[in-house]
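You will see two complexes here that share chain A, one where it goes with chain B and one where it goes with chain C.
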Partner chain A sequence: MTASLERGLHAFKEQIDAPVASFFSSCVRCGLCAEACLFFTETGDPSYTPIHKLEPLRRVWKQEYTFWGRLAKAVGLSKPVTDTELAQWETLVYDSCTLCGRCSMVCPVGNDIAYMIRRMREGMAAAGHAPEGLIGATTRAVTIGSPMGVKLPALLAQIGHTEKDIGMKIPVDVAGADYMLLLSSMEIMNFPEFIGAVAKIFSKAGVSWTISSEAFEATNSGIQIGVSEIAAQLVQRIVDAAEKLKVKSVISPECGHAYMAIRWEGPNLIGKPYNFKVVHILELLDDLRKQGRLKTSGKETQRLTYHDPCQIARRGGVVDQPRNLINMVAENFVEMPETGTMNWCCGAGGGVSANERADELRLAAFKRKKKQLDVVRPDALVSACSNCRIQLEDGLEENNMDIPVLSLTETIAEHLVDD
Partner chain B sequence: MSEPELLIWIRGPALQIATVIFLLGVVVRIFEILVLGRKPNLAEARGSAVAGGLRTVFARSIPDRGTLQRSTFNLVAGYIFHTGIFITLLFFAPHILLFQDTLGLSWPSLPTQVIDATTVVTIIALLAVLVHRVAHRVMRYLSRFQDYLVWLVTILPMVTGYLAFHRIGLTPQHLITIHIASVELLMVVFPFTKLMHAFTLFIARYYNGAMAGYKGVNS
Partner chain C sequence: MITNDREFRAALDGLDARQQRLAAVRFVEDVLPLCTDERINRAMVVAADGGASTTALADALKSVKAATIDCHARCGAEGDWEAQAGYFVARAAIAALTPLGQLPGGSAWQAAMSCRMAQTSKSIVSGENSGELETERQYAILSAYMNS
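Right, the complex of A and B next:
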């Protein structure tokens, strides 16, 4: 056995807890999870059946944590997991799974399959079977501070442009502010309007906030690739900055997995609770709305629909807030079939977009979103994740569909009351 | 062992052995799961893990609309054979007598015509499920030897029970013995196969629902 395989199998063993054991014990191989997975429904390839993507992990569970499995292993009757096998599974675990968790909602025995894929990636990465694209993104996140290689001067330049555009100062490193805003590299490079939108909303609502020059990156490649040590290191940067600036809350921006990373996995990765709160920008905006501090005027007349980013809705619990906000500024808001916690993924989450090898597959998976859009035929599509937004724009262009993709925060900012 | 001796053995010691293997096996399997434990969640909760877990234990019995539309046959056939097995096991008068003898508990039975019809429907559903497993692209791909073995040990008590009730082929004495033997086979196979889902699905659903409930999601 090679050292890397040994590391991988050891990591598999470490990752198997009572929930994983209960899930593997319960699977009856009914195949219902296949129909819940956009990679299966859009390709028809049975190897994309979610539970099948976990087969090597299941065998390790059986051989290590069940009486019969151990007995079979002892007398040489079980098939050990090999390096070749893990190499074959690499594309199943990374390219054809966005960790969207739709299968976890459908499984009749209650298996949280996405929870297991997240754990399986720890072993895959340890065994040296993670995709090149994700390795690159993770390396950049550690060495440069951003998976896309965005450095502080680039952020400061975007902040400078934004300040000129909106005629307002963007607070950087303001100690004692209530909120510290995080951003995704995608927002900084592709959608800097988001920063201006937040600044305008917060100014009107009287929110005290800042951006940290030491920890502005919200995304966490460590989680996507499945290396908890790196994921913890990236979380710790944010914790250190939040503590240094003595903020009360950290705001997760319009990015799905960033929210899951900082809100739900973060404290578990660093092994202690935070001494600040984490809110998603949509949660905060909805709170401001409830408090009467977010005032808008006029309504969009065009037909709008909302794409739920998986990690914000199904895996994050932010479902009603975006709807409350859209209804503030839209008179013709329509839901897609299967929405909220049952929404279909855009096809590019969970590290798939950082993995160039999966480009063709993620565009095939987009067809599921296309089918949903074909039913409601919206004039514009609103969402709250830059990564979804890039994928949606890519997919729409590929399919010659002329539907603009809007940021919910930016849409709200456009309707702020002028006074 | 002569034929009468075999019959006596099947109905006596064999049943006891099967019961011990079944009970002990199930307890060990559940222990093997729970002993692995899980780490406490350090993130600030938005909702109740316990409430979410309990909710999903029940709620997951009802499929979501989209899945029902996409996998109608799988779900309908599955519901029929599971319900059929429970009805025939729990509401056939002679079975209730056995429970009364062994557990001291008794409850009203269903008319034999109802049990008879349920048995036929259940056997048809199980046959359909097998055809589906072989014919369906995904199910065939996922299936292993165990899936067919489990199917066999599940349908045998239904078929042998039906034959015994209608006294088809052999003497009633033989038929009932074969029926009991088929149930013993099911009991012995149970703890070592996916039949365990009958117990572990409650644990799985609870964990799933608890993790979602903690985040304020109904799963």
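Right, the complex of A and C next:
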């Protein structure tokens, strides 16, 4: 047995906690999770059945933690998990799973399959079976502070440009501000107008906010690749910056997995509660709406629909807020079939977009979103995740569908009431 | 001669749709060397034609949208600011070709902003403050256009 395989199997054993063990023992092999996974529905490949992606982990559970499995192992009747097998499973665990969690929603016995995939990735990474793209992103997140290698001077350059564009100052390192805004590298590089949109909205609504120069990155590659120590380190950076600036709340930007990481996984990863709140930007905007501090004028007449980012809607429960906001600025909002907590993933979450090897599969998975869009035929598609936005644009282009993809925050900013 | 953004925006606001497009093309042409995608060059030739048909402009817009999607930064990939300059040039080309009224601030203003962002991206690589210089050049470009 190689050292890396030994590390991986040891990590598998460590990851089999009470929930994982009970999930495996209660699986009735009904196959409903297959029909909930867009990688299965769009390819028809049975190996993409979510529970099947966990087969090596299941075998370790059986061989190590069940009576009959241990007996079979003792008398040499069980098939050990091999390095070759883990290498084969790498594509199933990383390329064909976005951790979207739709499979967990349909499991009749309540198994959280996405949680189990997260656990399995810990073992895969320990065994050296993680995609190159995710390894690179994680390394940069640790050493530079951003999975895309965005450094502070680059952020400051984008901020400087934005300040000129909108004619107002973007607060950086303002101690005592109420809110600390996090950004994803995707926003800094591809969609810097998001920063301007937030600044304009907050200025009108009288929100006290800042960006930290020490922890501006919202995303967490440690969670995507499955290395909890790194994930905890990335969360701790944000916690340290928030405590240093003494902010009351941290805002997760238009990024799905960043919200999941900082809002839901963060305290467990670092082993203690935060002394600040975490809100998604859409939650905050909707709160401002309720308080009468977010005022818009005019409505889009075009037919708009909304793509729910999985980690924001299904994992985070932020379902009504985007709809409240869209209805402020849209006359003709239409829902795709199967939205909210039962939305279909765009096909690029959970680290799939960082993994070039998965490109063909990622675009095949987009066909599910195409089918949803074909039903409502919108003029524009609104979302609240930069990664979804890029995948949606890629998929629409690939399928010759001329539908612009809009950021919800930016759309709201365009409709702010003039002074 | 335009000397600040307030005058710059006011001048752009006074232009009709065709004039906005032609001004935007001049801004894009100034940063075209930052983009290696031939589709942008070809689309700007179409956009620079004052008598271009609606169909030709729509086809050019479709082409630059495809170019933009091909050159955006990939989530999780190592950021390349030089390539990112090309992405913002492509976005400026989209703005130039987008019919008036569909972009906040106007097509030409959005094109100008993306061109400045392209130079800002380049400056992140080089360390030079080329974004500021681009702003000054845009004032001169627009002044010259208004006087032509």
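The rule is simple: the second predicted complex is superposed on the first by the 419 of 419 C-alpha atoms of A that agree within 3 Å, B and C clash if a C-alpha of one lies under 4 Å from a C-alpha of the other, contacts with A are read in each partner's own complex, and residues count from 1 in each chain.
In this text, a contact is a pair of C-beta atoms (placed from the backbone, for glycine too) under 8 Å apart; a residue touches a chain by one contact, two chains touch by 3 or more.
Owing to the predicted nature of the structure, the values given are computational and were not obtained by experimental measurement.
**Q** One more residue to check, A:148. First (chain B), second (chain C), both or neither?
**A** A:148: touches chain C, not chain B.
**Q** Check the contacts made with chain A and report whether chain B or chain C touches more of its residues.
**A** Chain A has more residues touched by B than by the other partner.
**Q** Could you look at A:89 and tell me whether it touches chain B, chain C, both or neither (first, second, both, neither)?
**A** Neither partner.
**Q** Look at A:276 in the shared chain and tell me whether it touches chain B only, chain C only, both, or neither; answer first, second, both or neither.
**A** A:276: touches no partner chain.
**Q** Contact-wise, after the overlay, does A:186 reach chain B, chain C, both or neither (first, second, both, neither)?
**A** After superposition on chain A, A:186 lies in contact with chain C alone.
**Q** Determine, under the contact definition given at the top, whether A:216 touches first (chain B), second (chain C), both, or neither.
**A** neither
**Q** May I ask you to decide whether A:333 touches chain B, chain C, both, or neither, giving the answer as first, second, both or neither?
**A** neither
**Q** After superposition on the shared chain, which partner residues are touched by A:12: those of chain B (first), chain C (second), both, or neither?
**A** It touches nothing on chain B or chain C.
**Q** Tell me which partner A:160 touches in the superposition: chain B (first), chain C (second), both or neither.
**A** second
**Q** What residues on chain A touch chain B, complex-wise?
**A** 16-23, 25-32, 34-36, 40, 44, 46-47, 49, 51-52, 65-68, 104-112, 115, 263-268, 271-274, 277-278, 314-317, 319, 337-338, 341-342
**Q** Sort out for me which residues of chain C touch chain A in the complex.
**A** Residues 5, 62, 65-66, 69, 72-79, 81, 84, 87, 104, 113, 116-117, 120, 123-124, 131, 135 of chain C touch chain A in their complex.
**Q** Please output the residues of chain B touching chain A within their complex, sorted ascending.
**A** The contact residues of chain B facing chain A are 28-29, 32-39, 41-44, 46-47, 56-57, 60-61, 63-67, 70-71, 74-75, 78, 136-144, 147, 192, 194, 196-197, 200-201, 203-209, 211, 215-219.
**Q** Spell out the part of chain A that touches chain C in their complex, as residue ranges.
**A** Checking each residue of chain A against chain C gives 133-134, 136-137, 140, 146-150, 153-154, 157-158, 160-161, 164-165, 167, 185-186, 189-190, 192, 221, 224, 348, 351, 353-356, 386-387, 390, 393-394, 397, 402, 414.
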